[in-house]
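Next up: the structures, one after another.
Each of the two complexes below includes subunit A, the first together with subunit B, the second together with subunit C.
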Partner chain A sequence: MPKDNHHVFADGELSRNEGTLRIDTLDGETKYLPVESIDTLYLHGQIDFNTRALGLLNDHGVPVHVFGWNDYYRGTYLPKREQVSGNTVVEQVRAYDDHDRRLEIAHDIIAASIHNMRANVQYYDGRKEDFESAVDRLENQYARVENTTNVEELRGVEATARKIYYRCFDRILRDPFELTKREYNPPTNEANALVSFLNSMVYTTCVSAIRKTALDPTIGYVHEPGERRFTLSLDIADVFKPILADRVLFRLVNRQQIGIDDFEQELDGCLLTEDGRLAVLEAYEETLDRTVEHPRLNRKVSYKTLVRTDVYSLKKHVLTGEPYRPTERWW
Partner chain B sequence: MIVIVVYDVPADRTRIYRKLLRRRLEHLQQSVFYGELTDGQVTGLKNEIQEKLQPDDSVIVFESGSSAVVDYTTFGDTDDPGSRFT
Partner chain C sequence: MSDGEDVLKQYLAAERDPHREPRVRITGLMVQYYHVCKRELWFMSRGLDIDRETTNIQRGTHVDENSYDDRRRSYQINGRIQLDLLDSGDVMEVKVSSTLEKPARMQLLYYLWYLDEILDIQKDGVLAYPKERKRETVELDSDARTEVEITIRGIINTVERDTPPELKKKPYCDACLYQDICWV
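Then we have the complex of A and B:
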């Protein structure tokens, strides 16, 4: 059972005190966080902190994800690794460098991603509207994955699938929410703002999960490794976006837990207000806690654990050649 | 599992337990701590308490089974226990 995340929305100071974390908010409140019982710390407010606080987080292996103005994801402070294995990294890079091995992993990731998109559309098929043709077309893209011979072509298949998928959003989402077109930097409407924010949360969840293994987060298989990005997190996030982000989005909007007044127009973009972000995060955390019966582990696991088992499976595949089984929604 | 720890110790020794417990649990009230821990963490916690123990100290550790849900009702100026948001 993974530990809980903690989100700090308040503005103030984060420090080390009596061997644990202390937060003094600008409102004059003092709170202590149990550093040994926190999985990941999220900073959403304006927080001052020093190297002693970072050192403590480092000692306990707690990653910190920092969000800046209006909760744009700014970056992550990753503690010194507790899992180091040169062997794993060497094999990870070898798998990237070997065209066939890389393609095999990339196939698995994209197939799982499309499968999970299809599962979402299927869930709403008949429930709200008729999505049969979208399901069929996603099915087609799923079948095409196997036959792609290089990563560029594969990414093309994924892009087509994603387009089909996003086109269903308008009909799934309760009015007046509309995605129309997926746009970011900045998001242009309410649905886009929600998708962007939730996707960044999925990304950070994957960064935290990868840190638990010796895998190098910068070397991915579908996305091209670049500067300043955790490419492997982007890969794993693709598998989990439909499960973690999109379903939360549908639920929040359709049950009217979030409304148009939870957004504000800023410059030429549209962003969530603080209340809105809090509502989204509560729903997201609740989703991470949901459990399903795992067919191979023979026990109930939370969605958060699924992200972790996914990464473990990839590591095992890279090291031993055991099949990589990215999470395909089976429930 | 859900763990609740309460203690009653001489005033000059409270900080010892406060410090020890705060690292793993949420400090709910003066000498009351609450949180969700793994079995390993609970064992570690108990061992550490044992090490610090003096004849006058009294500490009680409550544990609830593995499927950890404890219902609670708050009154007055109280934050919800186990909140993940600050």
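Then we have the complex of A and C:
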């Protein structure tokens, strides 16, 4: 059975009690969490923790993603892997270092990313608005991917596609939500705040999935290593943002599961309230558990599993040269 | 001398010499995998790991030890083979089901061949399926010997390939540990 993600909202202290995690909240409650049942731990409040608690999480291979209040995603504590494979990392770096191989992987990632953006716009075409021209223009960007000859140019194609795509959001989203312009650091309005929060959730989902393979999360193919974050997670997240983040955003807003009063304007931007965050996380986790019949695996798989099989597919590609098939929405 | 014979000769020479290591250490599991799926053998020989949580079915390599009341002892030989010896002196291999009969039989024959060729011990084998209350005797006759030798050459050729053997759907895929890496 796949394990669940666990989200802690309270402020307080995380410690170790024998083989169990213990959380003492500031308002005097104590909770125990069996560490074996956790896939990934998310800390959303102000939590103090010590090395003994981290040691336990490390022993069980549980990554911890820390979300602060003002700057949503703070960072990740990544436990060390039980199995490391020198061979895998060597091949991963080789593929990065070889211009043609790197470009091929980057092509696959960006093509899938644009395909998934297009699938979302197509879904709303005719249903809400006329998106024919946006679909066409995304189609053009998709076609351009094949002909790019270096990664920088490719990033340009992806940026153009994303601009076309985000411009559709205002018409997809029920009033008064609007994106107008994608802004972060900090997000200035509600839609931007939602996109930022959901995107960082997708990113952390990818970090956790990569942790389960022997791939090195810092070596990506589209993004340059040396950025502050795990570049391979940024790469894989590009594929899944339209599937995991944007669909959740549309649903939450259009079904009015989230409203303007779930946000507060702070000095440094627009932020989700705690209730707002809970609603978003619930919808996000529910989406991770959705299943689709996989065309090549003989069974239904959850979206969460798709992230993992994507990483497997990449790993197989770097090790064997067989095609990498990042998830392109087929359902 | 053909290439195939060469590979086998080298393997035998290295195994017989206590100071040498063959290029490929052939285990009983590898013999099984070779007859189930060469691609699985390649993945396994490369130490390709996958997250065990996601696999739906795990292979039943170990049947309940109590399902048999024969008295037997386990031996582990040169880190390659792990076999059970019955009081009668026969080598016994226990399997969950007889659906993968050939791989199980080849594994047992490999043990018998190894004992004979490398350690100069001659034994017969018993293949047992406790769940099905079935057992059969396995002998290393000259046909079986040839089959084992073809298998050994095949294994060495497979694991020394740079890329895995081509993907083909097998009935076994749905129960395979590598399913998720193979088909994605």
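By definition in this document, the second predicted complex is superposed on the first by the 325 of 331 C-alpha atoms of A that agree within 3 Å, B and C clash if a C-alpha of one lies under 4 Å from a C-alpha of the other, contacts with A are read in each partner's own complex, and residues count from 1 in each chain.
Note that a residue touches a chain if its C-beta (ideal position, glycine included) is under 8 Å from a C-beta of that chain, and two chains touch if they have at least 3 such contacts.
This is a predicted model, so every value here is computed, not measured.
**Q** Figure out whether A:F9 sits in contact with subunit B (first) or subunit C (second), or with both, or with neither.
**A** In the superposed model, A:F9 contacts subunit B only, not subunit C.
**Q** May I ask you to decide whether A:R118 touches subunit B, subunit C, both, or neither, giving the answer as first, second, both or neither?
**A** After superposition on chain A, A:R118 lies in contact with neither partner.
**Q** May I ask you to decide whether A:L297 touches subunit B, subunit C, both, or neither, giving the answer as first, second, both or neither?
**A** Only subunit C is touched by A:L297; subunit B is not.
**Q** Is A:I23 in contact with subunit B, with subunit C, with both, or with neither (first, second, both, neither)?
**A** A:I23 contacts subunit B only, not subunit C.
**Q** Who does A:K315 touch here: subunit B (first), subunit C (second), both, or neither?
**A** second
**Q** What is the contact status of A:R329 with respect to subunit B (first) and subunit C (second): first, second, both, or neither?
**A** A:R329 sits against neither subunit B nor subunit C.
**Q** Which subunit A residues are contacted by subunit C in one complex and by subunit B in the other?
**A** Common to the two interfaces on subunit A: residues 1.
**Q** Which residues of subunit A touch subunit C in their complex?
**A** Result: residues 1-3, 83, 85, 87, 212-214, 296-299, 305, 308-310, 312-313, 315-316, 319-322, 325 of subunit A touch subunit C.
**Q** For the complex, which residues does subunit A have touching subunit B?
**A** Contacts found on subunit A: 1, 4-10, 18-20, 23, 25, 31-37, 278, 281-282, 285.
**Q** List the residues on subunit B that touch subunit A in their complex, please.
**A** Subunit B residues touching subunit A: 15, 18-19, 22-27, 35-38, 41, 82, 84-86.
**Q** Spell out the part of subunit C that touches subunit A in their complex, as residue ranges.
**A** 46-51, 53-54, 56, 163-164, 167, 173-174, 179-184
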